[in-house]
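This structure is in structure tokens; I'll ask about it shortly.
Naming follows writing order (A, B, C, D, E and F), and every chain is counted from residue 1.
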């Protein structure tokens, strides 16, 4: 199994609902350093998993939709608790949409899966893994 | 599959038994930067894998039992070669005990697995992965 | 010259005033990984720059006052553009207050200076250096 | 499942064939920071996955064959597009040869698998995973 | 004293002339992760050292002139031994030209100095510091 | 001003004397990731600060004298509190001895200074800077 990973980041404000979140129930914010890993059983004719330039552009576009925003006001996330886990899935699902739409090239339709990791600090991060 | 990881560290002395260890047969020591990854197929009602505050506390408690000690004198590890691999399993098993005891909350009983990684330097680390 | 550095972090929401900030004029947020470096020309009788436990506690207390908050609503920062540079100075000045107040021990009054670095992502950070 | 990882690096020149590579079709180069992860279901009698000293030597030998070279002129890679993915597989397969040859010790024949990750920058990396 | 740092990277081929370089006399390559630090005694009216967006663009432009090239064939570097130290100075001097030309904004003319660090691997890097 | 840095590491056991050290008064240990920075105002005829291969060998030799040892039993450190700060100075002074002895080449006698940083965990490190 092969994989290729590209890294980008986003800076957002949000608050979390639920006693379990303690002080994070208040409006605060985070930088998420976002790693998107594309997995594939075999390489294409060029010897790659995916066009890394297009993969980086797709990740940049997805995090760009969330960047410099207060997620509490984002219609696409209304009624959602925007935990790191939930945001990892959100980014992964949006990337999967772009793979299916052909934004990463025709070859990207051969991808087997996707892992998205959001690092919220030097001591905590979350991941979501899905098939494609 | 989702996961959440928290990082902590411990500083210990020990020696290793066996010719394969060369100079590490002498009494020496290590800082282990410890990553504990909690895995779960689906999120709970709050949108999380585990209460990250409790997860961090549990990891801190487990590494705290070993920290600032000479493991050669630790009764819980008597007769054990405290290699990085063995210590990764030890930390993972102690965390699993705490999950079962409810220390990470009732929801943590839905966790599927655990990975513990001990980084002993910038060029070497070991992991142990187990189910829960 | 000797120095000792401790690392902590804070997660905040804020907005920035001024056209130069582009989309960061909107309410958004950041994780700042904060490094506080204490400088001293010679070591004390224990062979240290500063009690590292107390230094870590002081840094934790200072970042704790800002953590999980919307800085736009923070009275202590009213009328201030909370750029990374300004926040680095704010953290450094608060640490200097604590040094002077004796919170880091009597010996800490021999410290010569302080550097605070705030990392806002994997590709950008800011520092402020001051004497003590 | 246990694993042990060792890190080394190599600095090479190469060019890539195919329009998908854009400016990387020109002769350029890369530092690859190389992580080799050895996986094993259970530990040996010494409590280890593999002799970490021998593992590090084997990785050093494999990357040493490529280091400080123009891969476009390397006979072993003739006709190969030396993408990061392809080089990850190349390093993994050479390590597998050494495992089979006994270079990592007799116990290393109990290894279950191998993952090789090549980090080409702070924002991009590729991995190849294989069984042993 | 304040500073702001932005990070980018470049991937190049080159060879070095001189026995001291051993195998690096052969054509090989490197990824340089490049940190550009802008220093200034006091902040401007917006509370910043420099417009970080423009600083990142300037760094990207400077490393873009070298990226995906064989530096042995670069006219601007003819007769130069392109060691990591020399390249750090080259990047710093080009950034200084852009500061003087106003590419980083009028306020950037108040900058006091510049440090450029090129990381060539996880175990080696070089810096060049100059005034502005 | 130019600088070149090389990284290595050492794993040691020790205990610290003094109430300020709390639990670190017990025999424990540490991995120190050691960065040695060589500073010089101008480059030599080859375009370098120092022969990086010899610098790395010198650092490896110095940390090798301490590695895999209990520093409490080390004659060279008898009566010394082996804090991170003290060990940073010890490594720097031993490197300075080697520079003076010509181990880093004749050109290294033009070096202006040396900084040694010992990272004891992901959240704490100490440095010592001296002239040459």
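Just so it is clear, a contact is a pair of C-beta atoms (placed from the backbone, for glycine too) under 8 Å apart; a residue touches a chain by one contact, two chains touch by 3 or more.
The structure displayed is predicted, hence computed values, not measured ones.
Participant: Counting one step per pair of touching chains, how far is subunit E from subunit C at the shortest?
Facilitator: 1
Participant: According to the touch definition, list the chains common to the neighbour sets of subunit A and subunit F.
Facilitator: Where subunit A and subunit F share a partner, that partner set is B, C.
Participant: Taking C-E as the reference interface, identify its repeat among E-F, D-E or A-C, namely the pair sharing over half of the contact pairs by residue number.
Facilitator: E-F
Participant: Tell me, please, which chain's centre (mean of its C-alpha atoms) is farthest from the centre of subunit A?
Facilitator: Here the answer is chain F, farthest from subunit A.
Participant: Identify the chain pair with more contacting C-beta pairs: A-D or D-E.
Facilitator: Looking at A-D and D-E side by side, D-E shows more C-beta contacts.
Participant: How many angstrom lie between the centres of subunit D and subunit F, each centre taken as the mean Cα position?
Facilitator: About 31 Å, centre to centre.
Participant: If you average the CA atoms of subunit B and of subunit E, how far apart do the two points sit, in angstrom?
Facilitator: 41
Participant: Calculate how many whole Å lie between the centre of subunit A and the centre of subunit B, each centre taken as the average of the chain's C-alpha atoms.
Facilitator: 27
Participant: Touching at least two other chains at once: which residues of subunit F meet that condition?
Facilitator: Expected reply: 7, 122-123.
Participant: Name, in rising order, each residue of subunit F that touches subunit C in their complex.
Facilitator: Touch residues, subunit F against subunit C: 18, 20-22, 80-86, 88-89, 122-129.
Participant: Note which residues of subunit F are touching subunit E in the complex, please.
Facilitator: 1-8, 43, 46-49, 51-53, 56, 105
Participant: For the complex, give me every residue of subunit C touching subunit A.
Facilitator: For subunit C paired with subunit A, touching residues are 7, 9, 11-14, 23-24, 26-33, 67-70, 120-123.
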